[in-house]
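Across the two complexes that follow, chain A remains constant while its partner is chain B and subsequently chain C.
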Partner chain A sequence: MPTPPGQSSSQPLPAKELGYFKKIVKSYEQKQYKAGLKFAQKILTSPGFAEHGETLAMKGLILNCMGKLQEAQDCVRRGLVSDLRSYVCWHVFGLIQKTEKKYDEAIKAYKRALMLEKDNLQILRDLSLLQIHIRDYDGYLSSKYELLQLRQTQRVSWLGYIVAHHLLKEHNLALGIMAEYIKNNTPSGYDFEFSELILYQNLIMREAGLPDVALQKLEENSTHIVDKVAYMETRANLLMDLEQPKQAENVWRALIERNPDSLEYYDMLEKCMGIKDSPKAQLAMLDGLAEKFKRAAAPRRLALYLVEGEELRRRLHEWMIPMLRKGAPSLFASLVPLYKYPQKQAVIESLITEYVKKMDDEGYGNVSLDGKDQECEPPTTALWLYVLASHHFDRCGMTQLALNYIERAIQHTPTVVENYMLKARIYKHAGDYDEAARWMEEAQSLDTADRYINGKCGKYLLRAKRSDEANKMLAKFTREGENAASHLTDMQCMWYELESGRAFRSVNKYGEALRKAHHIDFHFNTWIEDQYDFHTYCLRKMTLCSYIRLLRMCDKLRDADYYYQGAKLAIKIYLRMIDRPDDMNEHSALIKEGMTDQEIKKMKKKLKKQKELQEEEEKKKKDKEQKEEGLQRGPQIDAEALLKTEDPLGEAAKFCHNIHTFGTQKVTGYALCAEVYRRKGKVLLALKCLNEGEDREPTHPLLHVQKVKFLAYWPKCELSGLVKETADELMKCVYGAERDAAELNEKFKIEHQHDFAHRLAYAEAQYSIDSSTNLISWILKSIEDSKVNGRSLKMMIKLKDGIEYGKYGKWSKDDMEKLRKQVHSLFPLSLDFGGGVQHKSASAAPTSAETN
Partner chain B sequence: MNDQQTNNESDHTMSKSAKKRAKKQQQQKRASESNDEKNSPTKSDAENTEAVSTPEKVSDSVEPEKQDQVDQLVPLINKFDVNGKALKTIAGHGTVHLGEITPHNILQLKKLNEDVFPIAYNDKFYVEARYCGELGRLAYYNDVVVGAVCCRIDDISDEKSLYLMTLGTLAAYRQIGIGTILIDYALKLCNKMEEIKTMYLHVQVNNKNAVQFYEKHGFTNDGIIEDYYRISPRDAYLLIKRIRH
Partner chain C sequence: MGEEDEKQQVDKHNWGSEELSKVSDTREEKDDLKLNTDALGNLFNASAPARPKINIKKEDLQLIMNELELQEGTVRAKLIETNGDVREALRSLCGL
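Moving on, here comes the complex of A and B:
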C-alpha cells in the first residue's frame, strides 16, 4: 500500500492540515503557484508544523517553478533535513538537483526516495529519464524493467524495455520482446504507430547483423508500412547488404523516379551498379536518366563533374543557358566544384566570355545564345550573364574584372538586390570591409522586408568592426524594445554569436569575444538538454527510429562546425592570455602609438566616461530583468570574469576535449588541440591528436608546426611505464624514425617550397625552435615570388596577425612597411594593408596600416 | 510589427495631402514652381527612342484576367518592333506580374525612376508613393523589378481625374509588352473607380515614342504646355483620355 504524500511516518499531518497539503499538490499540478504557496504558508504557520518537511519540499518545488531558484533550494534542503524519512522530500530534492543539472546527485536522491517508497511510478519514471539522459543504459534497463513489472498493460513500458535492450546492444533480447509484443498487438488496418514499430524492429535487426531476417520481415509487413520512402530505402539498403545488386538497383531506380533530384540515390545507384570507378559508365547512366526525367537537374549536374574539355563545354552550354534565362540563383553554386581544376575553370571562362562577346556584338535585344534565328534572349539573360561573369572573376581573384561585370549588371538592371550583394561580396573578398558593408547596406535598403539580406548586412557590418550598427540593423527583425544581441542569443543564432565574437576580437575586446564563444558552448548544452523531453515524447508517439537517431546525434552534437569555430575562437584567446597578457587590456593598442601624455589622459578620461555609461546601461538592463519576476533567461556569462580566469589553459582544454573526442575530420582541430595539450604537459593526448591529424592530412601546414614544436618538446618529457610505451608507439606513428625537430622542419621546407602556407609554417616552426632565426627577408621574398602558390589575401592577413603575435620574430617598422607595400601591390583594396576604396568625403578616414 | 500602424496613419495624411496637391494642381500651369509636379513618363536620352511603347496584341492576352487580381501573371512571348509588329519569340518562360509598392521596396522604385527618367523626383514623391496602395504598381519580369506606374487622383474643374505621374520601363526591358501591362492596369483602375472621369499625363515634347504609345491606348493630344519642365526641351504635351461622362 503506497503512502500518500503528506503522511510520512515521521511527521503525519492532522486532518485539517492534510487537507491543505492536498490542495498544495493540486495547485502545483494545475500550475496555480500563488495559491499553492498560500496553502503551504497555512500549514507552516500552524503550531508544531513550522518545519514540516514535505510542506517545505512542496513549497520549494513551487518556488522553483516560479524561477526563484535560490529560495527554492533553501526550502527543499530545510524540508529534507526535517524529514529524512520522507520519500516526497527526497523526490523533490532530486527534482531540484535536476533543474540544477546535477544529474548524479538527482539520481542518488531518486534512488533514496525509491528505497523509502518502493514501486512509486512517478519516481521510477523520473529516474529512468535521467538515466537515459546521461546514457546510463544499465540503470535505464533496470528502471524500465521495474516499470514494466508494475504496468504490464502499458505500451510505453514495453517500448522502453525494448529500447533499453537495444541501446545495450542486446539485440536478441530486444527482438524477442519485440516479437512477443507484435504478436499480441498487430492491428488490422492502417496504423501509423505500428508502421513505425515495424521499421524500428527492422533497424534493430540490421544492427544485429541479420539483414536476411530484416528483409524477410520487411516484406512480410510491407502492407503495414505507411512510410513508403523509408520502406523502399530500407529495402534497397538491405538488398545491397545481402549482395543482390541487381534487385537493389531496381529499387534505387524506383526511388529516383519518385524523386529524381536526390543526390544520394544516384550515389547509391552507382554503388550497386559497381561503376564508382568508371566515369564512362556513370555518364551513360546519368544520361539515360536525364533523358527519362526531362526536368530533373541532378543527373545533368552530376554529369558536369565527370567530363572535361570539349565535352564539358558542350554540357555546360546546355546547362547554363536555361538557367541564365530563368535567373536561377544556384547557377554559380552548381559550377563551384569545377573550380578545383584549372582546365575546367578555363572552359567556364571561355564560355562566359564567348556569351558576353555575342551579347556585345549582336546586342542583347536580339541575341540568341543557342543560335536560334527565330528566338531572342529574354532581357534578364544579359543581367544574369554579367552576374555570372562577375562571380567567376571574383572566384578567380580578378577583382577588377569582377567589379566591371557587376557594374554592367547594375547598369542593365539597377533594381536587383542581388547585384549589390555581389558587389559587396567582391569587396569583402578583396579585403575592403568598409566598402563591402556600404554596398550591403545599399542592397538591404532595397528590400527591407527580407530577413536574409538583413542578416547578411548585419554580418558585413560586423566584419567592418561596426558592432553597434550591426545590432541596430539586426534589431529590425528582433523583438521590439530589446537589445538585438540578447534576442539573437535567445534565438540561439549561431552565425551571429560567431561573427560578433570575431568582431569583438578584431577590436581587442577579448572578454566580449570569449563571452560569445561561451554562448555557442551554452547553446550546444541547451540542445543536449532539450532532448530530455523527447525521452517520453518519442516513446509515446512511437517514432522510435527517429528517437534512436536523435540520441546518437546528441552524442556527437559538438562535432558541428559552429562548435568548432566557436571553440577555436575561445582557445586562441585563452592562448593569447598566456602569450600576450598585455593584449587583454582592450585599450592597450590605443595607448601605445606614440601619443602625448595629455592625449593619453584625455583618452583615459573619455574611456572612463564611456565605461560608466555602459555600466549604467547594464544596471538598467539588469533592473529590468529583475522586474520580470526575477526570471533569468539565457546564459549569464560575464565578459570581465572570463578574462580573469586563473587557468586559461584549463579553460582552453575544456573546449579541446569537445573538438577531438568526436573524431572530427578537421586536421586543424587536431593541430590546435595538440598545441593546448603540449602546453598542459598532456603528452599522450597531444600525441593522440597529432596522430589523428597525421591520418587525415599529414602535410597540413598547421599540423606541421605542431609536429615540430612537439618534437622539440619531446626530450623534456619524463615518462614511464605504460604511458611511455604508448607514447613511444604513437611517436613512431607520427614521426617514423625522425627525432630531430630542425631536420624535420628543413625537410618540410624543401618538399613544400612552392606553397606559401607551408613556407609560413616552416618559418613559424623554425622560430619556435630557434628564436635567433631570421627569416624576415625570406618571407618578404616569398610574397613576391610568382613560383609560390597560395599567396592569397587570407594568408597575408594571417601572416600579419602572426607577426603581431610574435610568431615570426621581431619585425622592424621598416620591415612592416615593406610588407605593407608588397601586399598592397598585390591586393590594392585590402584595408589591412593600407588599401581600400578612397571616398572623397572627409568623413571616411583612410585606414592605414599603422592604425590596425 | 508597428508598420501596420504607421501604414494606416500615413494613409490618412496621404489622402489629405493628396487633396491639397490636387487643389494646387487645379490652378495648374504654374508648373515650374516645384520640381516634383513635373513628370515625364519616359527618358529623353538617345537610348530611349524606343521608350515605353508596346502593341495591343499582348494586352489582348491580359484582358481575360480577372479584374481584381492584383498579382496577374502574364507570359511574355514576343519581342516587337516600334510599331508593334512581332519580331521574334523570347526564349524561356518569361512572365510579368504586378506587385504593390510598399515602404519595404520603395527604394527599388527610386532606383528604377532614376534610371528611366531624366529628372529626379524629390523625397516627397517617394514618401507618398510608399503608401499609394492601388495607385501604384511595380512590374516584375522574371521576378525582377523592371517597370512601374504611379498615379494620383486630381480634381480638375469639379471632375475627378487620374493623373499618371510616372510610367516607365527599364531600357533593356522595352518592347516586350510591359508598358502595355502597366497602362492597362491604370486604365482598369479608372474603370473600377466610378468617380474618375478622365485620365491625363504630361510627356516631354521630344518623346515621340511615348506620345505614340499613349495615342495607341486612346489618349488624345491636348496641346503644349510651355515651360513645364526645367530640363530641355522645357515644353510638354498634355495627353488626356476620357473614361466616362
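Moving on, here comes the complex of A and C:
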C-alpha cells in the first residue's frame, strides 16, 4: 500500500494538523499557492511543529512555484534536515534541485525517495522525465519498465516503454511491444491518436532498416492514417528506398497536385526521374507542370535557374511583368540566386534598362511592357519597376544608380513605406549608417503602428551606434513602464541581443557586449529547458513522431545561426581580453600618449561619469527589487563581472564547444575554434576543427590563417602515446605532407592572388609567423588593383579593424591616411573611411576619425 | 480568493502563458487499454531491461574528457559504442 504524504514522516502529525497538511497538498495541486502557504503556516505555528519536515518541504515547493527561489531552497533544506526518513522531503528536495538545473543531484534525491517509498508512481514519473531530459536512456528505460509494471493498462506507460527502446536503438523490442499494443487496441473508426501511432511505428521500422515491412504496414493501415500528406510523403520516400522510382514518381506527382508550390517535391521528383544531371530534362518536366498548374510559381521560378542567355531573357520577361503589375514584393528575392553568375546578372540588367527606357519614351500612362497595344500598364507598374531597378543596382554595388531609381520611385508615390526602407538599405550597404538610420526613421514615421518597421528602425539605429535612441524607438512596442532592453530579453528577441551587443562592441563597451552574447546563450538554455514539459505532453497526446523530432532537435539546438553569431561575438571579445587587455577599459581610446593635462581631466570626468552611472544603476536595481519582491526574472548577468574573468580562454572554449560539436557547415566557425584551442594547448581539438573546416571549404581564407598558425605551433607540441598517434593522423588529413608554415603560406598566396580576402589572409598569416614582415604597401596596392576580386566595403572594414587590432603589422599615420583615401575613393559614402552624406545644417556631421 | 490573484496576473501580455500552463497539467492519464495478459507476461519475460556490461577504464574516460573537453556522459556513451576501445573512441570523436 502506498503511504500518503503526511503519514510517511518520522514526525507524525495529529489529526487536526494532518487535515491542514492534506489541504496544503490539495492547494498545491490546484495551484492555489497563497492558500497553501496559509495552511502551512498554521502547522508551523502549532507548538512542537515549527520544524515539521514535510510541511517545510511543501511550503518550499509552493514558494518555488511562486518564483521565490532562495526562500524555497532554504525551506526545503530545513525540511530535509528535520526529517531525513521522509520520502516526501527527498522528493521535494529533488524537485527543487531540478529547478536549479542540478539534474544529477535531483536524480540522486529521487532515487533516495524511491528507496524509502518503493513504487511511488509520481516519483518514478519525475525520475523518468529527468532521465529522458538528460538523455540517460538506460535509466529512462528501467524507470519506464517499473511504471509499466505498476500501471499496465495505461497508455502512456506503454508508449514510454516503446520510446525508451526506440531511443536505445533496440528497434526489434520496440516493434514487438508496439505490435502487441496495436493488436489489442485497433480502433474501428476515425482516431487521430491511432493514426499518429501508426506513423510512429513506421518511423521505427524505417530506422530499423526495414523499408519493405514499413511499406507493407503503411499500406495495411492506410485507412487509419488521418494525416494524408504525411502518409503520401512517407510512402514516396519508402518507394524510393526500395528502388521503385516509377511508383515513387507517381506519388510525388500526386503530392505536387496537392501543393504545386513545394520546392522539395520538385527536387524529389527530379531524383526519381533520374534527371538531376540533365537541365534539359528538368526544364521539360518543369514546363510540363507549369502548363498543368497555371497559377503555380514554383515550376516557373525553378526554370529560371536552369537557363541562360536569350532563353533566360524570355523567361525572365514572362516572370517579371505580371509581378511588376501586381507589385509583388518577392520579385527581387526570386532573382537573387541568379546574381551568382555575372552573365545572368547582365541579362537582368538589360531587361530592366529596356523597361525603364520604354517607360521613359512612351510615358507611363500609355506604355505596355509586353508590347500588346490594347493593354496599357497600370500606373503602379512604373513604381515597382523603379523599385526593382533600385534593388538591382544596390545589389551590384552601384550605389548612385540605386539611389537615383529609389528617388524616382519616391517621387512617383511618396507614401510607400518600403521605398524609404530600401533607400535606408542602400545607404547601409554603402556604409553610411547615420544616413541609413535617418531614412529608416522617415519610413517609420509613415507607419508608426507597424511593428516590423519599428524593429527595422531600431536595428538601423543600433548600426549607427545610437543604442539609447534605438531603445527609445523600440520602447514604442514593448511593455509600458519597462526598459525596452530588458523586455526584449524577456521576449527572447535574438536579433536585438545580437545587434545591441555589436553596437556596444563598436563603442568599446565590451562588458555590455559580452552580456548580450551571454543572453543569447541563456535563451538557448531556456529553450532546452522548455522541452521538459513535452516529455509528458507528447506521450499523452500520442504525437510521437513530432516528439522524437523535438528530442533530436534539442540535441543540436545550438547549431543555429543566432547561436553562432552570439558565440562569435563573445569569443572574439575573450580573445581581445588576452591580446589587448587595455581595450577593456571603454575609455582607453580617449587617452593617448603625451596628453598629460587633458588625460587627468578626462580621467576625472570619466570617474565622475562612472560614479553617476553606477549610482543610477543601483537605484534602478533597488526600484526593481522593490517592485518584484525578490522575484528574479530573466538572466542575471553582470557586465563588469564578465570582464573580470580569470580565464577568458576557458570561457571562450565553452562557446566553441557548441560551435564545432554539432557538425556545423560554417567553415569560419571551425577556424575560430581552432584559434581558441590552439592557444589553449588543446592540440586534438584544434586539429579536429581544422580537419572539419578542411572538409567544408579547404581554401577559405580564415581557415588558411589558422592552418598556418597551427603549423607554426606544431613543432612546439609535446605529445605522446595515443594522443600523439591521433594527432599525427589528423595532421596528415589536414596538411598532407606539408610541414613548413611559410611554404604553405607562399603557395596559398600564389594560388589565390586574385582574391582580396585571400590576400589579407596571406598577410595575416605571414605577420603571425614573422613579425618583421612588411606587407603594408602590398596591401595598399591590392586595394587599387582591379585584377583583385572581392574588394568589398565589408572586407575594407575588416582590414581596418584588423590593422587596429595589430594583425597586419604597424601602420603609421601616413599609411592609415593612404588607406583611408584609397578606400574613400572606392566607397565615398562609407563613414568608416571619412565619407558619408554631409548635411548643411548639421554641423556635427561625424567624421571617421572620431567616431571610431 | 487565491484564484482571483492568479487571474489578475494573466494580463493581456501574458495570455499565452495560460495556454502554456495546460501543457504541464498533471491530469490523470487514460486508463482503458485492453491487453492479452499472456502476451504481456511473455513480453516482460523476454525483454527485462538487462543492459550488456562494458568495462570502461577510468583513465580512458579521463584521457578523452581532458583532451576533448567533453562531459563524462558523452565520453562514456562513446566508449560503450566502441566496446571500450579507447583508440576507436578518440578517433571517432575527432571525426576520423
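Note that in this section the second predicted complex is superposed on the first by the 819 of 852 C-alpha atoms of A that agree within 3 Å, B and C clash if a C-alpha of one lies under 4 Å from a C-alpha of the other, contacts with A are read in each partner's own complex, and residues count from 1 in each chain.
Just so it is clear, a contact is a pair of C-beta atoms (placed from the backbone, for glycine too) under 8 Å apart; a residue touches a chain by one contact, two chains touch by 3 or more.
This is a predicted model, so every value here is computed, not measured.
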{"item": "Clash or fit (per the criteria above) of chain B with chain C on chain A", "value": "fit"}
{"item": "Chain A-centred angle between chain C and chain B, computed on Cα centres after superposition, in steps of 10 °", "value": "130"}
{"item": "Partner chain in contact with A:P322 - chain B first, chain C second, else both or neither", "value": "first"}
{"item": "Winner by number of chain A residues touched, once chain B and chain C are compared", "value": "C"}
{"item": "Which of chain B and chain C A:G176 touches, first, second, both or neither", "value": "second"}
{"item": "Partner chain in contact with A:L141 - chain B first, chain C second, else both or neither", "value": "second"}
{"item": "Partner chain in contact with A:C733 - chain B first, chain C second, else both or neither", "value": "second"}
{"item": "Contacts of A:E375 with chain B and chain C, given as first, second, both or neither", "value": "first"}
{"item": "Minimum distance between Cα atoms of chain B and chain C in the superposition (Å)", "value": "11"}
{"item": "Chain A-facing residues of chain B, complex", "value": "1-2, 76, 79, 87-94, 102-105, 107-108, 111-112, 114-115, 141-146, 170, 172-173, 175-176"}
{"item": "Residue ranges of chain A touching chain B (in the complex, touch as defined)", "value": "322, 325-327, 364-366, 368, 370, 372, 374-383, 412-417, 445-450, 480"}
{"item": "Residues on chain A engaged by chain C in the complex (per definition of touch)", "value": "27, 29, 31-35, 134-136, 138, 141-142, 145, 149, 151-156, 158, 165, 173, 176-177, 180-181, 183-185, 479, 533-534, 536-537, 540, 653, 657, 682, 684-685, 687-688, 691-692, 722-723, 725-726, 729-730, 733"}
{"item": "Parts of chain C lying in touch with chain A, wherever the complex brings them together", "value": "1-3, 5-6, 13, 21, 23-24, 26-27, 29-36, 39-40, 43-44, 46-49, 51, 63, 67-69, 73, 86-87, 90-91, 93-96"}
